[in-house]
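In the two assemblies presented below, chain A is common to both, partnered first by chain B and then by chain C.
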Partner chain A sequence: MAFVQKPQVYKAAINTVELGVGEKKVAVGGATVSPLYSFDAPIANPPRVGIEITDTGLKGATKGMAEFYSGCNSLADIAKRAAQAPGADFVCLKLEGADPGEENKSVEDCVAAAKEVCGAIDKPLVIEGCKNTQKDAQLFEKIAEALQGKNVLFLSAKEENHKTVGASVGLAYSQKVGAESACDINLAKQLNVLMTQLGVPSGSMVMNLGSAAAGYGFEYVASTMDRVKQAALGQNDSMLQMPVVTPVASEAWSVKEAIISEEDMPEWGDQEQRGIKMEIVTAAACLASGSDAVILKHPASVATISAFIAALM
Partner chain B sequence: MAKFITVGERIHCISPAIREAMANRNPEPILQRAKEQIDAGATYLDVNIGPAESTGVELMKWAVTLIQSHFDNVPLCLDTSNKAAIEAGISVYNRSKGKPIVNSADAGDRIENIDLAAANDAICFALCSKAGVPADNDERMVYCQEMLERGMMHGMDPADLWFDPLFLVIKGMQDKQMDVLECIKMLSDMGLNTTGGLSNVSNGMPKKIRPIMDSAMVAMAMQCGLTSAIVNPCDLRLMETIKSCDIIKNNDLYADSYLEL
Partner chain C sequence: MYQITFKMRGENRLVLAEPGISLLDAAQNAGITIDAPCGGTGSCGKCRVLLLEGTLESEKSRHITEDEYEEGWRLACTSMVSGDAVIAVPASATAYEDSLSSDFTAKGKNLSRYPELQKQLSEAGIGFKRTFKTVTAKLPVPSLDDTMPDNERLTRYLRDKFRTERVEIPFIVLRKLPEVLRENDFTVKCLVEVTTDRLVVFDVLAPKADAFPCGIAIDIGTTSVSALLIDMERGKILTAASVANRQIRYGADVIHRIVESSKPGGREALRKAIVEETINPMIRNMCEEVKVPTTAVCRLSVAANTTMNHLFAGVYADPIRMEPYVPAFFEINPVSAGLLGLDAHPGARVIITPNVGSYVGGDITAGVLATMMWNDPQMTLFIDLGTNGELVLGNGDFMMSCACSAGPAFEGGEIVCGMRAADGAIEEVKIDEETMEPTIKVIGEEGIPVGICGSGLIDVISELYRCGIINSRGQFIRAGKRVKRDSEGKGIYMLVPKEKTATGRGIFIDEADIDNFIRAKAAVFSAIRTMLAALSMEVENIERVIVAGGIGSGINMENAVRIGMLPNIPLEKYSYIGNSSLSGSCMALISQQAYEQILSIGRSMTYLELSTTPGYMDEFVAACFIPHTDETLFEIGG
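The block that comes next holds the complex of A and B.
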């Protein structure tokens, strides 16, 4: 008997959220099928790939990264080069230097860095904070104000600062805002409810459901994303239909496979290659679990993952 | 599993205000009741125009258009014994938020309403009765089979027949309540959708008791697999119970604000 395909197409859909302005703006989300199931129905927008740079420049860059960015003397140069990386749909500026526990850069410095990057690229911009919720709230408010009209995504509003971030980024300056929870499905939904109650339109929200490097508790990420997609598509839960944007770089590049040097572990081979592989497998796993966009650091990972997506669409 | 579906019962010609509004085509009282029920969380709204033998066709068209145009095509349940009126209502019905429901068929005189629903790609409430209240669940299941076969003969998806076991008034039929619940369980085990006029159970009880009794009944019925009910959505206790049961059944993902959704 011939195989009869029974497409599993849902009546519900993931929201479509636009990032950036002009010709190079990108739409994230919009799927009506399980992650990557393009054989069930066309996926409105393929998963997107962002390339991450930081306000601290090329400090700690691997050899390959340093080569890719060679000749870049300013943050603007770095941003421009990143935006040209094959496969990159958007640029993510991570404000690592703002961390009060590290360089503790001022809000003004960070606003200047964001403006510099935004002015240098023609692709959409994502701003990632420094993980200090108080500082992030201050940073996001000022940067959202300075970059009005650029349709920038801010990662992320958390339980502790969602009111400030939602009200400034999402409402006052009409930018896009991500709600972050760490593998907690109930909190993920609750944050979306609270931001919706604040008045942030659902088309302006994305979710960062948390991430982990492959092999480091990734099953929690996978089951979280599974349940969220099941609610969004199978149960038509409008409070979980926001697209999922997952920053992968910081997780993938901080596990032992990526940080132990070749001198210490010669049998593991080239350190940079290991980091790239961790980044690629983690990103691929996130996409298979339900991420509508991933953010990676190494240009080789960006190119690989974007080719992977293109091959599946 | 999908979330429990509530059908708001408050647009009913038995209410003097609604009867007057329907007779004089006065939109306000109808729109007000529609809004109250939607705000309270009703999924579908029942539109009961009574038998309306002479004016039903025009009245149903008017009511469907009126309510859907004001409330983003809220899905409706067309409730009358006048078949021509139901067809007329469906002819102007917008399906973007859900199929229309024909309320209702039974295994007796009203079995042709299943044919009507099938011909119009509508959902149909199917009362497990023929003439009067069924004596027991054997009888209920026979009627269920008859209606199921009828619908499938006409190409209906069994999921579009929502079987009503007939909720019975507790005051007077207290000994029959567990039968009704058992029937829901049997229908549910067959994979069928179910519904019913829930507030029947508390008929004749003091006003302050009714929400308590209705809530207890809906919780027990949902445990047995009930998938929808015709209810008064303005009964806060009942709606909170339904939302809580949906959480316990994992029909809806929990969030601290789930009662506000």
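The block that comes next holds the complex of A and C.
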């Protein structure tokens, strides 16, 4: 008997969230099928790929990265080059230098950096904080104010600062806001509920469900995303229908495969290639589990992952 | 040596103290109880006292503001004696330890449960034969013609009077017998127990001595210990008491206690803390109140969770906390009071109600007896709210039990203004949605608030949520006169301003308290869900819910459901029965058949270990939200 395909199309859908303005704006989400199941029904928007740059410039860049960005003298140059990377749908500026434990850059400096990047690119902008919840709340508020009308996504509001971030980014300046929780479906939903109770429209929200480099407890990420998608699509749980945006770069580039030098581990081969591979396998795993967008650092990974997506759509 | 005067409740107590010892120790050495749930480490801030005159060497504390320090407020535990001083001990510092009767004398209705329960048990076929008696024995005076020894003389008299074959005169009685007989011309009062096959003499006394056979029923909770003193001859409850478990300085929960008990000398220290520092003073106080010697206490019954009964009996408890969680005993034969070190008749039999699992203990088997669910076809969910929350689901056909760690929040522990359900505790709260002004009800005749007890906490959190003052995470989202932020930005709701409290300090609830409470309620609710799932049952299958625990004189079930602590089923299915463990312990004390029924309950219950049940943690996280992450569980009419 011939195989008869039974498409698994859900009545519910992942929300569609638009980022950026103008011609190059992108829509994230909108799927009515399981992740990457384009054979069940067309997927409204393919998963998106962002390229990450940081306010600290090219400090610590690998050989390949330095080559890619060669000739860039300012943050604006870097941003412009990143936006042109093949396969990049949007640019993510990570404000690493704002971390009070590191350079502790002032809010004003960070606002200036964000404006510089935003002015240099025609693609949507995502702002990623420094992971210090207090500092992030201050940064996001001021940057959201400075970049009004640019439809910028801020990553992320956490439970500790969701009130300030939600109220400023989501409500006062009508930007997009990510809600970040640590690999737990209930915590994710609770934060979404709190944000919506604040008045942030669910259509202005995305989720960062947390991530891990592939092989480093990724099964938690996979099962959380799986359950979130099941609840969103299968049970029509509107508090879990926000698209999932997963920053992959920092996880992938901080595990031993990516940081041990070739000198120390000659049998592992080229260090940069290892990092790229970690980034690619992690991003692919995230997409297969349910991420509607991933954020990567290396232009080679960006190109590979976007080709991977294109091949599956 | 310096002179320290403690002023408390209109009474002055002069204590001599060595320089350099802490005020808390000075007070405790003199038998003055100042509440120190943290064990005097300066971390809980409950032992606040007011320095009126003289000097103390005190460390500054985050629990005392600059202004308060100026006024003379100090923590007793971090203040060292450095000269003569006059110290005022406010009601809040003694509230937790408040020794006598506060739960009961204030409200006669709590005692009325016992005759009602006895009636129900009788109807279920449990006999209440009174076996203890007071007998005045008029013995023939010995002479050269009648040289029968004293013990034989008494034995013969009692054997004839009660027509029993065997009369036992324990050694301790024998030792005093010759003198008592001769001092009273061979007419003595005897406290005896008569059973079908024997008669035991517990004491011989002067005929006019104030004594009758007493029994004491005890419930040892992790946080609170409660007891009843019963006239065993007439079957009447004479007095009751409730005190804090003095083991609390070794940790707030059973795990910390077990860890402490496993250290060198720890087992003895923990045993002493419960027997000598907690139960014995309580027995002495109660006996003093009803004017009987402690040796008249001829029987005791103890209901306690598995850890508590192990530590009480001085049995190695470490395996309870480690996989595969095996206690030393479920059932234990009655032990004599003398062996346990209790201040009672050394030969008194001490009944310890049986355990079901490492975390479902004798307090639950005794509690189940009191619920009558073992004799009822209705599907009943029994919930005992305490530091450990225990659940039993079932009916006359089967019963399944499990335990969850709720923490001490229900008993007022780890809550800044929390206290046990004693005089001065705010037990009911309503909040006006518009003005955010509260209306409170306080336990006790005086009605001056001291702190908040468990039922008050349920009310205040539910009301704050209903009025939109806090969000589902327990964070403050409305501002107003009553809602403030402390120096760390933590939200606070002021229930009673400081001018209107018994302590001179405002009674409030802050975000950390709410967080503690949410975890406690989540532990309970997720345990309910997990157990229902284990039995493939839905909440709709539950025909009645019986809630127990010493958390107040009643619980507003609507509020408990609103915050997602109890399942959303019709409120008329709920009832609250107070301290069921103590009720069950009391029944076991006065009826051998009731005790046997508890043994049978223990043997017929199964035990579900939640910590190894997949999905429990997930349920717990989902329940750490008001009312719940799955809002469909709490839809009105749902």
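Rule of thumb we're sticking to: the second predicted complex is superposed on the first by the 313 of 313 C-alpha atoms of A that agree within 3 Å, B and C clash if a C-alpha of one lies under 4 Å from a C-alpha of the other, contacts with A are read in each partner's own complex, and residues count from 1 in each chain.
Basically, a residue touches a chain if its C-beta (ideal position, glycine included) is under 8 Å from a C-beta of that chain, and two chains touch if they have at least 3 such contacts.
The model shown is predicted, which means the values in this text are computed figures rather than measured ones.
Annotation: superposed three-chain arrangement on chain A; chain B versus chain C shows a clash. Residue contacts after overlaying the shared chain place A:Leu240 against chain B, while chain C stays out of touching range. In the superposed pair of complexes, A:Val193 makes contact with chain B and with chain C alike. Residue contacts after overlaying the shared chain place A:Lys25 against neither chain B nor chain C.
Look at A:Glu159: by the touch rule set out above, it reaches chain C but stays clear of chain B. In the superposition on chain A, contact is made by A:Asp184 with chain C only, not with chain B.
Under the contact criterion defined above, the residues of chain A that touch both chain B in one complex and chain C in the other are 185-187, 189-190, 193-194, 197. Partner chain B is touched in their complex by these residues of chain A: 185-187, 189-190, 193-194, 197, 227-228, 231, 235, 237, 239-240.
Those residues of chain B that touch chain A in the shared complex are 2-3, 251-257, 260-261. Residues 471-473, 475, 477, 618, 621-622, 624-625, 629, 631 of chain C are the ones that touch chain A when the two sit in their complex.
Chain A contributes residues 159, 163, 184-187, 189-190, 193-194, 197-198 to its touches with chain C in the complex.
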